[in-house]
Each structure stands twice: as C-alpha cells, then as structure tokens.
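Structures given as structure tokens follow.
Both complexes shown next keep subunit A, but they swap its partner, so subunit B is in the first and subunit C is in the second.
Right, the complex of A and B next:
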C-alpha cells in the first residue's frame, strides 16, 4: 500500500520517485502526513516569514552512490584548517547524508552507531506537525547515533555534514540522535559545508539526562546555492544543561529550528546564535522553548548582521506551562542592518501560564554607530576597516556566549577566514 | 602662510533637528611648530566644534574658510588621513566600543597610521611591549589593555586612555578637548606629564580647557579666548590666570 499515491502534486512531486518506494511504518506514516499537509507555505504561522518557494524550483535526486573524494577532501580541509585544534578532534563525517568512514576519525569514549544499520526515529520528533520532519522521516537514509555513558566526559565530537552536488541538485535527510546519559558531558560541534545545489534537511533528536551537560555549537557554512532546513529536538532533564549556539553564514536559504523542552526541575537551556548574511540570503533562527517543570532557566541571545538584500528571521517562543513556577527566561534578538535593503523579521513570543516567573524579552535594530565610526577613523583606521571592526565586535559579543573554548575559537576563526582582510583585529 | 597649522576665516554649521545652526563664525588661528596653545571660552562658544571640524567629523558643514596642516588642505582629507598626517584629537567624551579589545584597537590604529606613513607595521609582541610601557608611564592598570575600549572605564581612565592613544600614535599636532575635566589633581598631573613627554620642536598642541590648573603643569605659549564662534582675544600665559580670577564677562563686554 502506498499512502502517497493520492496526492503527489505540487512541491512534493520533487521527491515523488523516492516517496513512492518507502518501507516501514514510520516512513509510511510520515509520507502520509506529508501528503495531507504538503510543504508549508506562508499561511502557516511557523513559516510566515520564510518562504519555501526556492525549494520548489528544482527536482531533487537521491545523492549518487559515488562522490568525488577530492571534492570531499577539499571541503573537509576547509573546515579543519579554519583552526589548528580542529584537526585533532574526533570527527564523524557525513557526505550527502551518508556516513563517510574514510574521512572520519571516530571518538573512543562514546558509543556510536549509524542510522543506516539501525534506524532510530526518536520519540520527540513530530512528523504529523512539522512537514519538514515528515519529509526527513520518510527519506532518511543514515545519521549519527552518539551516546555518552553515564558519568563519562565524552570530550569533543565533531559532526561534519558535507554536501557535494554536481549538475543535478540532490537532497539528503540525515537523522541524528544524541544521548548524554546521567552526569555525563559532551561537547558537540556540528559543521555544515558543501558545494553546488543541494537541500540538507537534518533532524536531530537530543536527550540530556539528569545532571548531564551538552555544549552544542553548530557552524553553518553551507554552499551559496544550498538550502539547509534543520530541525532539532532537545529534552533536558533534572539539573541538566543544554547549551547551544548556532553560527549561520551560508546557504541561499537556511533555517535552524530548535524545540527545547525543560522537562524536570533546575534544567538550563541556552539557544544562542549569530548570523551574518549578505546578497539575497535568507537566514532563519526559530525556537520553541517549553518549560514544563519549575526552577528552570532558559536564555536566548541572537545577533544578526545583514547586508545587501539579505533577510534575517528570528522567531523565538518561550512557553511556560502552569506547573513551571520560578521559571527564569530571557530572550533578546539584535540586528545590525548594513544596507537599506537588508531586513530583519523578529517575532519574540512569551506564552506564560505560571504566575511566579521572571521572563523578559527584547529586540533591537540599528545601523552602525556614527560616533563609534568617527572615533575609530580619527585614530587613523580606514573607514572600511573601522566598519569591519564594529561588525566583528557586534557578533563577537554573541560568540563570547559559547562556553566551550575550542568551539568559541573555531567560530571566530571561521568568521575571520570568511571575511578575511576586512578588519580582523585578532 | 604658516608651515604648520593655519586656520583662516573658518565657518561651520550643524544640522540639528532639521535646523541649521551656525557655530563657527570666522575662526582665525595660527599655531607654529613646537608650541602649546590654549583655547578658553564660555560654554557654547564653539571650542569643541572647532576640534571636531579639524578632526573631520562629518556632521559639521564647513561653509567658509580654510585650514591647512603642513601646507595640506586639512578640510579635504578623510579623518583617517588627518590622523596619518599627524593630527590627533583627544575626545572630551571618549567613545565606548563594546566588543573591541583595547590592545587590538590600539595596535590596529598604530599599524594603520604606520602603514600610511610608510613605516613597517609592528608585530603583536613589539606592540604590546610598547603599549605596556606607555600605559605604565600613565599609571594605568595593566588590565586596561585587555578590556573593551572605554567600556566600564571611569572618567579618569577614559582620559588616560586618550593620552595613551596619543602617545602611541605619535602625532605632530594634538587637540586636547577638556582632557582635564573630571580629573583629580594626581590624574591631572599624570595626563599633563603625558603631553609634556611629547613636547618637541616638531610637536604642537591645542588645549581646550576651562581651568588654569592644567596650565600649571602644561605651560602654554599662547592663550586664545573664543566666544560666539570666533577667537576674540589672544595673549600670553598671564591671560589664563586673569580669566581664572575674573571670568569671561569683562572680555566679552570689551568685544561686544
């Protein structure tokens, strides 16, 4: 039986050949949900500011079985060379959504498995509510499963996702799972890069058990023609910490969507980020932080630097359930617009049902400060360099929130390499 | 014709809330090399505007007059070109730069100026050695190089940071816009010593101040009184003492 045979028109037709050959109840159910809802358009509240029109312009094939190793090596070197410490870190490399063992350097202290051998869909993802998660569920081929055993410090793990597309656009839909068991610790650095036109649609299911800590930094440097739409679920236990940061730089259209759930008391969630976009880029940082237990803390600081015709989207919802007394929530979105045609759409939302909470949010938009520019120039610093210093400083105040020192340095190095010779003062 | 700084008939206005306000109304001022000149005058007389116009702030529109520096048309130069040519303005209210490390800022500025002057850039080690020595001479805490530029600095620390920048950038002409304001006596002496160390036959300064006190440490060659956008009176150092005792009223009445 095929749940999709009824309606494969519209954007779904792009994936039709692949959706028709699905096995397993999860995939069938997801494909069925997708057939009912279709891909979201701007009438959908969650996608009001980010149109998926770009997705519908081309067909996406399954990635080819063989990929040019030279291209992969070049991309990987580009990632690892950004900062000398990176080459020494354990890494799991995916190429077009499939594990590439030849390029990986697997870690020792953690338990690894791969979706291709043992599919795990996790319990948090909601294919019936989120069409992109449904698409991932239907088409996922591979993905990383990483588990840090209780009490273990798993050190660093890099998850490198490389897209390599030739003449024909490809899509890949990796399904990752991260479990940090009780009192364990992991520093996860996800890096996304690639070349050509591809659609990267990862779903990541994260569980941080009681007393555990996950420091999670995502550095998104997708190819200029790439579309990258990632969804991430994090369940945070008692006295555990999920501390995340995303640096968004690449892609023509990118969305980093986080659903974090503070499910037990005294949990801490940070969903921080920075993006720097130019040209026609659209970058979307969307989050839903749900407090369902008392005495939890959530923090969100996102900074955007937008040039050219770039558009930044920030949607941040903090939902505090009635039971979640003594919640401490903070959310701030700030944007620096470098051109009259750049745009930021910010939608901060607090939805609070408890009566004893401390929650605040805010948003700012502005241009570079004339007084600061003049001060720098009066010290002999040429205008373009002065501008770059102020832009770097604006972003750096967000990057300073990254608690893992290696990841923090990596973020700075990636930014410096990308905007080299434009006033880096390091 | 002066070989150093020559200001003639300088007029400037600012567009404030849609209204054009004439602030400088024909400033004539000539400063020879190796001299310290002082401008005094009541609030609103145009002292700070003169300093901003000379440093190249874009908010002000020069409507008439000329200013030449080392024979170059100062008003045609970008602010960074003026700095490279040897002009330095110590801000009355130094600007805070959140997220910009003070040492990096200083090194970027020093190397930008060195580049423009055809000198080799300094590497991080050589620069830090120089900066630490200069900071120490100004009795600045060593951590002020590590902090963000002027962020969380006290008023006195900001003023010392201005003098530190001046020391490192090695200007031939410095404008000090009320660098003494808000300083206690010890800080005043340290700042004045910082300026005195730069004194040389090739270095001149224009000091804007309200107080005789600074001039006890920084002995001037000439005093100018500014009022309503013009220099109305010039004299020797004794003029500052006279103003300190008698105020401006008498002088303003004389030229009215």
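Right, the complex of A and C next:
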C-alpha cells in the first residue's frame, strides 16, 4: 500500500496519511482509482465552474474521538429550534461523520443500521467514475442505513450531520444508504450544520423501489469555513417517486450533486433547489437526470439569490436514452443577482436520443425588477423591506415545491432566521 | 404559396437520391507534396508571393500549432486525422492574371454552371448590364480550391471605395490594412484549428468598407473543395469602418468523395462605430454517404468583433452538409450598445455529426445579443447546440435572449443542447429557453389529410420550424436554403 503515497500529489496529499493505511479491497481499489485520477480540476467538464482549490493546503485529519458535547448540543438546538415541529421528529445525529447515539431519537417504523458496524457501499456510486466518491469510499467510517419495509409508511426521519472542528481542520466522509421498498413511503429531512473548518464529503445511495415514494429535503447550513461536497445517487423504480429539494445556504464552498436514474416506466423525479449566498461563498447545484425507461417525468426548478461576491453554479443535465420514449422533462434555473460582484454560471443541458419526447429547459438571470420595487415602494413599503419581500417571493416559488408540509415550513423558518432584515445590498 | 411550390419541387427531386452537387472537375492542379512542415509553409508563402512579414506570421503560427493538441470537448467522434497525409497547397493551373472571363478556363466556368452559381451572376460575369430597378446585384469572388480566379463587380465596388478581393491579393496590395487587422479577432493561437489555418491558409476573401459607405451590393463567395486530399484553409477578413455596412454571403458545395477532407477556415469580422456586418452562410459540403463513409470535416473558427459603439454583427447560417461540423460563429460585443445576432439552422441526417452554436461575449454597456438556433436531426445523426453567453462586470444593461429548438426525426438520432450562461453583472438580463420534440402527429395529420404526402408534409413543417432563421437570409439564399433542407432530410421519413 505504501507505494500509493508516491502518487498522492496535489490536493490528494491532504489525505495521504489516511489513504495509506486502508484495509479492505473496496477501499484499496478506491484509493487506487483516486491516485490515478486525482481530484477533479476545472479542465474536467463536470467541474468547469467549481474549483477545488478551496480545499487548501492544510492536511485534513481524521476527526478526534472526543467532541465537546456542549458544542454539539448548541448546534443541534439551533437546528431543532428553527421550527417547533422538528424536535418531535425521529432523528439520527452524526457528529463529524460518526453516529452520536446520545443525541439521536431513533425512529420505530423503519429498519436502521450503521456503516460502522456493517459497511455497505451501495451499487450506484462508482469510485472509478467520480473521484469524490472514491475519496469517500476510501475514508468512510460511518453512515446511516435506513430501510422502509414494503408497504410501510415510514413517516419522517431526520438525518442531522454536524461538523465540529477545533484548531485543526478535519474531514469526514459518511456513507449513507436509503432503501424505500415497494409501495413504501418515507419523508427524509437531511440537515447539515457545523462550526469551524471542516470538509464534509457525504455519499448517499438511494433506491426507491416500484410504487414507493421518497420525499427528500436537504437543508445545508454548513459553517462559514466549511467545504461541503455531497454526491447522491438515486435509482427510481416503476411508478415510484423521488421528490427532492435542496436549500443551500452555508459553507464557503458547497456542492450538491444529484444523479437520478429513472430505470423503469412511469417514474417521477423532482430535483428542485434554492440557494441564497453572500460574502465569498460558492454554491453549486449539479444534477444529472437519466431517463432509461419510457413514460417517465422529470422536473427541476432551481432558484439562486446571490449577494456580495458570491458565486452560484447550476449544472443540470437531462439525458434521455433511446429507449426512453414519451419522456416528459422540464428544467428551469433562475438567478437573481443582488450585488455588482455576484456571479452566476449556469449550464442547463439536454442530451436526447429518443424522438418521441417533450423536453425543455429555461434559464434567466437578472436583478430585482425596478417596476416591482416601485410598485411596493409606492404603497409605502421602505426600500429594504420591499427588496426583502421580492427576494423572499423569488425563493419561495422554489420552496413551495416541497410537498412535505413540515419540511416546507422548516425550510422557510431556516431561511427567515438566517436572512432576517438582510434585504439591503451588501 | 411559393413556399409550398418550392417544397413540392424539392421533394420531387428527392427521387434522385444522390448528392446533387457531387461531381468532380477535371482541371490540372498545381499541388504541393503531402505533409506539413516549415518548407511547405515557405512554399505556400512564396507561391503566393507574400511579403516577409506574412511568412514570419505563418511560421510563428506553425510553431504555436505544433505545441497544441486537437480539442476533444465537442460531441463529435471521428478517426484521428493524420495532418501529414494531406496536401496543403493546390492551385488550378492558370494563365497569368485572368483579367476577363475569356481567359478563365472554360472547365471552371462549366463548374460554376453546375454549381448553379447564378453568376447573375453568370450573365453579369460575361458583362451583361442589369437594367435599373432590377434586383440588387451580387458580387462573386469564386474560390476554386485555393485560389480566387474570378472577381466580378470589382469596378462598381472600387467606385464606392470598397475593397473586395482575394486575401492573397490584399496581402500584397493593402498590406497595411491586412497587417493591422489580421489575427486581431482570432489570434493564431486561439485554438488548434485557427493555428493550423494561420500557418497554411491559402486564400479567402478580404473586404474593406471605408467610413460611411453602404456597400452597393451583396458580396458573395462560393467556396468549393475540389482536388483530391486537399485540405482547404480559407481565411476571410472583413473590416467595416465607422458608419459603413456590408452584407456578405458565403455558400459551399463540394464534389462527392470517398475520403474525408479537412477544412479549417477562419473568418474575422471587425465593425467600428455604427458599422454593421451581416454574414450569411449556406453550408452544403458533402456529408458522406448513407453509411457515414466520406464527407467533409469542417472545423471553422468564425468570430466578429463589435469594436465600435452601436456596431452590429449578424451571423446567419444554414448548415446542412459536412460529415463533422465544429463551428461557433461568435460576437465580441465591446462597443457600447453594440448588437450581436446568431441565427442558425443545422440539419443532420444519416451519420452526420454537428456541434455548432455561438458565443456572445458582452464587454460593453448596453450590449444586446439574440440567439435563435434550430436543430434538426434525422437518420443516425447527432446534432448539438453549444453556446456561451458571458456578461462581464462592465457590461451593465446587457441583454441576451436565446432560443434553441430541436426537432428529432426518427428514433436513431440525437439532439443535444449545451448552453453555458455566465453573468457577472447584476444589471444584465439573460433569458434562455430550449425545447426538444418531434414533429407533432397533429401537424402531420393535418397536412396529410389535405393530400400532402408524408415527405411533403415533413418538408412543410420543417420549413415552418426554421422560419425564424430563414427569413433572416438574403432572398437568393433563402430559396436555396429551403431546397437544401428538403434534400438534406431525404429518406428520413416513412
């Protein structure tokens, strides 16, 4: 294994100490793949708009065994207090990528297991295709395995990932698996939060079996210095629904990458999202929706609000294979630039090989509409309030697509708490 | 209903299912040996009797090219090109300086006839005057392989002060102008193919429209690839001074060939204050046969610089030919209030592959751009729209509207849309929309029910689909383009 260390140049060197002490064929193969490819740079088309330079030059240590409970409690309270209903939901809490039983309130109706006890790498995320998946595969310590048995309504499950870093930057690479069996139903709310400088690199493998429904909301409020690069693979079965939404607010660099595969007829996928960024933040929502069966539907609405020097990235690809006739695909990305230094880079992409389809996408970029501002101001609303109203309304059109009422209210509450009175231009 | 008549006529011709313009001309060629090296470049330069600076420029470009690698990002697949296995110079053997038609090789004239060059074209070339009030004359600078052999209307143009000549001639006669502008819009090192072109370009057109002059006629160049294994490397430079305007037409046909031919042209446009350039292309090179054998590889770099305030550059293209198309006519919108337009119809059939689109780079305030791209895929072809809209921080008030529509005919083809949208100015507004669908059953049924055959109906619907673009073409081209659409889609229905 030590031979590997020779190839660990560039950003990979940051993980070299840990990559050289791996056990198990999967991890070794992943480390090998990673050594061959390295981490992606902007020459790679999938990373054209997002550079990983922010990973920095400091080594990322494995998280310490002991974490200050007080810090965890404060972070968790921050999440749970955002909305009163949240405290009552079953939750699984991970701290620095490890399950923290003391803070969890495990659900009853679903099967749970943990990666630390029984590693499951899943079938969809391939280390040789995606360097970040390879990094995760090599270094994953823990993660949640949740299975909703056939026909069962699993209710809500919260997956809370907290990063707590001290002076030394840490990285954690949780590996989650979600299986919603036939005709079952699950409402999954993932919340990411933390403090300090850390690198969160989760990989989530989702299977929604025939006739099942998964409503999946991710609320990303990582620490200001955090880097969060999540990759998610979802397989959607016959007549099943994968309805996902991401709210991106935190982190210095955050990427939410979704690969959804409509593998059987009449499946439905929603990959919606909203991000509101400021300061020097970079937020990236990337998705690849692959239609490999006929009569499926995919919908995507993403809204970006960018202030300060923030940069938003949207890359959405809809791939319709030859066999996927009668596909109905729609994709819309809209961005609102609030400051002269904000930037949006969007790449909505259609790759279509079937002829009997209806696919469309749209994208718009602009500032707040002067006419709308004038309308509100002429009714006596002060400018900053008027701006706030318009920004909220803009984002709300995406948030309104969240079908789970609890999650929807939670999203609104988190957004309001973070941006109360921030209507003014920075 | 002229459109319907056109359509019907065109469809009737579909019976002859060969490439209509696939024929060869037997003319003695003056040809350089195969391969590319400094000696060949020196040879080209000396055959062209070029000044020293031009040779230096070529050699520098060649050095740059050697250090570059072929781009792989486009969605096209083709076997590796052996750049040493082509002739880089081929000129029809000619008497010195054909000043009149009589001196032009009759075989060449017959070729033009077959090409259907309306050398009003033909008649005007022979010196027939057009009575007042008839339609606008067109000036033709016909490029036969690499050397321009006939330039008409030289006189009328000269009176207006417009320079329209082969670029090889411009290098000698207007060296200051050429030196000032050549390579300023598309630098030699811009990309692999532009570097190659800069090193070995043999001919092309040069247009200079002086201040305040509205070019009295539409300028037109028919390109034609003829000799076996000759890559053709056109170089076009159009400079339009303050308040001047020009409309330029470029049309292409090529004889049928079994071997792939490489074409890497560079077109540079420069528009000063209040100047306007309209550049229209109908591209109909040999696309290869039904099995994807042969056909032209078309790797073109076209770019216009709107340097002056309120200047305007408009690209219109109808792309039906070539086995591989790699082409992104772009606008650099530098001058305040300048306007860029891109209207495109790209049709692919059989095994054709097209990766085409545009780049609109907004640098100046209140710059505007419009992109209308229509893509039609049939047979086993793949067609990609790839476009970039970039708004730089200083381009306040910039405005872009993009519409990309793709039509799929048959279940073995692909249509792809890859737009890149980058905005770094909050006061810019960008709108993009794209759709992909097939010809609707309702529309087909409606046409069939009125007695049109399926092929007629498809032709009609396709023409309607492309209307927004076709209407931007000058009259002469619009008619030709409509026919081309029919012919290109032949055999794709039913």
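Everything that follows uses one rule, which is that the second predicted complex is superposed on the first by the 415 of 426 C-alpha atoms of A that agree within 3 Å, B and C clash if a C-alpha of one lies under 4 Å from a C-alpha of the other, contacts with A are read in each partner's own complex, and residues count from 1 in each chain.
Rule of thumb we're sticking to: contacts are C-beta pairs under 8 Å (C-beta built on N, C-alpha and C of every residue); 3 or more make two chains touch, one makes a residue touch a chain.
Because the structure is a prediction, the values reported are computed rather than measured.
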Problem - Joint occupancy of subunit A by subunit B and subunit C, clash or fit - result: fit
Practice task
Report for A:384: first if it touches subunit B alone, second if subunit C alone, otherwise both or neither.
Solution key: neither
Practice task
For A:418, select first, second, both or neither according to whether it touches subunit B, subunit C, the two together, or no partner.
Solution key: neither
Practice task
Mind telling me which of the two, subunit B or subunit C, contacts the most residues of subunit A?
Solution key: C
Practice task
For A:73, decide between first (touching subunit B), second (touching subunit C), both and neither.
Solution key: neither
Handout entry: Which superposed partner A:53 touches (first subunit B, second subunit C, both, neither)
Key = neither
Problem - CA minimum distance (subunit B, subunit C), superposed complexes, angstrom - result: 11
Practice task
Go through subunit A and flag every residue that touches subunit B in one model and subunit C in the other.
Solution key: none
Practice task
Would you pull the subunit C residues touching subunit A in the complex into a rising list?
Solution key: 73, 391, 393, 406, 408-438
Exercise for the section: Within their complex, state which residues of subunit A touch subunit B. Expected result: 370-372, 374-383, 385-386, 389-390, 392-394, 396-397, 400, 423, 425-426
Practice task
In the complex, go through subunit B and note every residue touching subunit A.
Solution key: 55-59, 78-80, 82-84, 88-89, 91, 94-95, 97-101, 104-105, 107-109, 112-113, 116, 165, 169
Handout entry: Residues of subunit A that touch subunit C when the two form their complex
Key = 45, 322, 325, 335, 337-367
